[in-house]
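One chain, chain A, links the two complexes that follow: it is found with chain B in the first and with chain C in the second.
Moving on, here comes the complex of A and B:
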């Protein structure tokens, strides 16, 4: 009895001490979360390591580079912008844990550019993003479900939806590949299914359809995809997945001397990353892809030129590609959002600013932004591009033909929209 | 018994008070501590009492988590039914596994359960109805409105997890103090002597495996609630090893110690964060350091206190009192 009491006391003391220390380190919340007189704290979850990381792991550093550039030039109303990156390895449960850290521990003002459809779906539900009123700007996913303003009132997309992309590819196929045998390889989750629904609605019927589970992409699985596509005689193959799956698909197909006309979805079509992952230039040559932004090599573009300069100075050693361009652009749009929220930003104020002024923000992408009080849709269109022998991307047909559409049953139309000019020196001055 | 009930009610009241006074991060961690407490209790029962070494408790948790999610999502049942299904399904799975386990011992049993921990969660990748890599959502819903606007989702998780953990500890403690607990200890000390005393050790081992699995499955469902998700990546081999480490640190045959073991497991990522920040290791180090800490703690514990620091502490007290 004495022994038992002694042991119990020791456990009790140890437990009380441990609980006490956890409580003692808790701090009460202050004013507007994540904003002090000198700093605005933002957070992002993305895969810095793991199978899906190639390419995506550059986005956070690119955003950081842009923020450093802005900070060195006076910040946002005198406050420096700090970005905390959390590595979720593209795993939904890690995304939840890391977003919890960002919101509850690091106490960020807003999430910016969180990546992955399944990831953000889980995070939004589990962490209670909407209920907490945490702004989630420029989601790095095109899942059209996120355009539901009722479910995602504090979230804002940036990419055109996968449904829009599929509709535009469908239009392109009808215009340029009519009558050919069609194949598709797609990621079998919200990402791919979103696109598949739109292909079907647009009247595109695939002769060979190969779904794959996210995370299972490898040379071995690509072997089975290629076998199915080749056996089905697919002459035009659409790929709707991430870059780490595009690479084995193209490499294995090249090895098997299977060379259909590739149409690579925008998510998995960065030439530089594909080459880094071992895809031969010759295979990329002629591949077609929907693109929202200009080529990262197009130095005649004012956005690209400015971002390249920033990358050289603040992100030294990192090759400038689509992902870096996307990261910098998210940085640019974030700063415009923060400025639009005023000198004393609040979370509610930021969301309101996005709704009322977001559609006028400068962005590298050619298509219009769809933000309004009833819409959290980002960019709304693509042009079709083709890769050349140098691994560069050029507009199909020689010049940009911009298609815009919606995620529903609206038509695909050719747009004459002119994007806003890059702010002077890449530093927004909006309010 | 009355005293014990009063003690657990008092403990519940203390937890409610703590839940009201700490910030949301600590409340969330409180729910995790409750989850680990249940999971570690399953190891104490299985290893500490019946002497069967299992490295596959993460897999048992996966069975519970997926059962709960499938019940909730497909049958639209109340949450408590989902938790109940987690217990039933994992108990049945445990009984099946226990039948095989009763024929094995030592490294063979450890190896078998290890293989289960590696393979079982990956099965989910192969079947669409299990959600693949992204997994299945497990949504227990918002807290009741009568609890007020300020009552957060995580506090709701904390309440549910704490209630379940207290109930599980109360029941487990009673089982361990009953003749079953004494029988398991007899089998662990000397299987031959136990058999000679008329104990059917195989049956008792299967029973231990069944109850332990039920507890682990319940912990798996609680984990699913705290992350609103069941996915293969949540029930990894790392989790199984973390549970073993937590149990060893707590003293593998000490039920009160599981709370301390759970606290350590929740504190490890915090420590890793501090270390990673201190040494400028950044986010990549932060992701891998907790696993490293768990491994180092397990190795150190096995070298210096083979039965765990908790057990050593208990012996130290015992000697002192004598």
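Moving on, here comes the complex of A and C:
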């Protein structure tokens, strides 16, 4: 092929990979990458800045706060847990570079809570997570494709899949909004494939369907969404996207005095983030939403109470919301995974522990965990909630009615599952 | 609407750069003994092998017995008329090239190594004849310089393909080899070229022939016409992207349905890159960065939708023009049309990528719309005899017994990193088979793993913007991008690794190897890394 012999230049920035991969580890012979006698090093990629960052940028700090709490109470078998956060700005290409840094330079033991479907797809493809045997726990995405254990043998989901969520919303619509004109605004990517496929399979037909491309959400584009919904006479509108898109949708709709019954997907319904993005909380009043966890304001819940205390002490100044709750919970589950892997954890041992013991882990979410030797599915259900004028949510109908299902053709059922109790003082003692 | 003014046109790999770094004047009487100038401290010898291919040998007075045989890359086998963008004015040349560039050659000579290289008898895809030429050249060199003890092979691009072939077929002649930024086997190569051209034709200008060129002068005219049209499309898209990067207009030559033109043309170009296996990072576009000062929502959109489109534009520009030249050349050799996509499932081809590049493809509906165009468009059909002939040309088995060193950029737009990965995977399979055989025979000693795979990664972020916020393509190409974009330090590190492997019968390893590549800069050894293999290695 033709050669280009133009000016060449050494880019020092890239040496971070070159150098990082070269230095021989100084761990004891029995130790695993990212594990020393005193420390277990973990990594996460997520958007800390940029349009997609609101809310998500709290997750890493919340995890860190929980780990600090655990570390102050003896750590995991005496080792402190350290989390390295990398800002990928929600760019899939940048996720690759940042994950490479975590694995090659920082030499983390495992990835925990990596965020974004496109991001993790690109990382899995280009970084070779499975080939390297790097555990990637509690993916912060509901893309059901990640439940393919053959393709993602070292990865474990935590959220119910988007397909599960759509199936449960479908059931709820049938039970409570039958006969009304339906509209939907959805993110036009794998989010949409999962969700729209499940809505269709459940027999839900939307009268107005408004896709948007990730990255294009703004007040200007939201004007067109609202115009289409209003023109189509949608009485019940499902929103299936991220919070940075919910915000302009609700704000523009309120300005236009368009007030359908909103059903906000779990991903884009955090009230504090919406408020930070300029949405008056009052517009949330009456909005319905699938929820996996209790309200972050529900101090009668033992998990919420414990996590709030930890947040106050170790994450001072950060308002406690769904993202903080989710981050703390990932921390809690991570510690259980590390403990289950034993006093001398290996990557293989951690994966094995997730497969054999993961389904018994304590978690704030109400639904069962699906981990097994043949499944990397995380939580499997939602209850429907209603938001008030302060953005707080209460179970629809006054008490939690938990629906569980799968990502395929399985039925949506009302579950009587009782979640495990919060470990004493929020400190797991499992093995 | 944000309008960009580029500081200059997108950088394209220029064929004129081929005019080799060395011009060695020498007699070209076929099969005659080399004619040497006898100069000190370096004497230069020239001549021609039995096929008429001119060669050059450069031997220092303190020759230490090891000679580096270099195989140059692809040179078109047709002249390209002046006036054709970028490539215009190229004339066929078989000037011998004994090394990557004069600096590297000088450094090797200073260390006491000799260098040798042929200009090859035929240009274009010439691997089979070049292998024979090189074998003969090695024999000539050894006879002329009887002090020779070791011969190492190296080469770039098509020369990298030739080098790997030499290592596989002639382990008796060579003690080590380094195929750099190597081309793939000819079938995947022609598939990549064909998909890129067919994609451009289908979306942007159906008058592009894209292959099945006529014989003789008529075919030459058709290929040159295609070159002009491809560059016209690229230029039109570049102007449209610059004027309105969010929703750039479609070229007037496009005949896609009006409904499809509701999808930004940039998304169609991204589709072309993905379906052909062309990387989504280019010399100046990292598919990550946005200009400073944009509102946050526009920044994200630029990062995940606009920048990748520019990357596709820059890379497709490089790949498509070469696709025309290579397709014309290979059809001449095979005797008919070689590209066949009658059974290609483009939806399957981009099944994973469509999630990663969802925004650049304008979401699911954009992707579905573009795929519908591909599904509805007439497919190209190969001539069975020509396709069969193509399969008889040399291909790589990956089975080597001598130490080899592979090195390439992960975002090379012409010879995709997947080529190197394919050879690495084949060798891994071969090694595993050998090890199994040893175990079956109750042996315990693992066979030596004699392949060192190195990568040139891209920086994390590298797109530069002018003060006005326009992409600046006047800066040098980022490392890991462009075709065979290596530094002198990297070449010398490869040369040193070859010298070690040649002298010791195995590759340098461990700390010394890591130190060597670290000092060279931007060379990564990472056995956990796996470049995406091009989909058409799986034949869909």
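In the analysis below, the second predicted complex is superposed on the first by the 400 of 431 C-alpha atoms of A that agree within 3 Å, B and C clash if a C-alpha of one lies under 4 Å from a C-alpha of the other, contacts with A are read in each partner's own complex, and residues count from 1 in each chain.
Here, a contact is a pair of C-beta atoms (placed from the backbone, for glycine too) under 8 Å apart; a residue touches a chain by one contact, two chains touch by 3 or more.
Since we're looking at a predicted model, the values are computed, not measured.
Engineer: Tell me the contact category for A:48 with respect to chain B and chain C: first, second, both or neither.
Structural biologist: Touch partner of A:48: chain B, not chain C.
Engineer: Which partner does A:87 contact after superposing on A: first (chain B), second (chain C), both, neither?
Structural biologist: first
Engineer: One more residue to check, A:217. First (chain B), second (chain C), both or neither?
Structural biologist: second
Engineer: Just checking: does A:126 make contact with chain B only, chain C only, both, or neither of them? Give me first, second, both or neither.
Structural biologist: both
Engineer: Taking the superposition on A as described, I'd like to know which of chain B and chain C A:192 touches: first, second, both or neither.
Structural biologist: second
Engineer: Using the superposition on chain A described above, determine whether A:105 touches chain B (first), chain C (second), both, or neither.
Structural biologist: first
Engineer: Could you figure out whether chain B or chain C reaches more residues of chain A?
Structural biologist: After superposition, C is the partner touching more of chain A.
Engineer: Between chain B and chain C, whom does A:336 touch in the aligned arrangement: first, second, both, or neither?
Structural biologist: neither
Engineer: Which chain A residues lie in the overlap of the chain B contact set and the chain C contact set?
Structural biologist: 2-3, 6-8, 10-11, 14-15, 18-19, 22-23, 89, 91-94, 97, 100, 104, 118, 121-122, 125-126, 128, 131, 188-189, 213-216
Engineer: Residue numbers of chain A touching chain C in their complex, please.
Structural biologist: It comes out as residues 1-19, 21-24, 50-52, 89-94, 97-98, 100, 103-104, 117-118, 121-122, 125-128, 131-132, 143, 145, 187-190, 192-193, 211-218, 244.
Engineer: If we count contacts the way the header does, which residues on chain C are in touch with chain A in the complex?
Structural biologist: 11, 13-15, 17-18, 21, 72-76, 101, 156-158, 181, 183, 280-281, 286-288, 295-301, 303-305, 308, 322, 352, 355-359, 362-366, 414-415, 457-462, 476-480, 482-489, 511, 514-515, 517-518, 521-526, 528-530, 532
Engineer: Can you list the chain A residues touching chain B in their complex?
Structural biologist: Residues 2-3, 6-8, 10-11, 14-15, 18-19, 22-23, 26-29, 48-49, 85-87, 89, 91-94, 96-97, 100-101, 104-105, 118, 121-122, 125-126, 128, 131, 188-189, 213-216 of chain A touch chain B in their complex.
Engineer: Taking the complex as given, what residues does chain B use to touch chain A?
Structural biologist: By the definition above, chain B touches chain A via 18, 21-26, 28-29, 125, 128, 132-135, 137, 139, 142, 152-153, 227-229, 231, 233-234, 254, 256-257, 259-260, 263-264, 267, 273, 283-284, 286-287, 310, 313-314, 317-318, 320-321.
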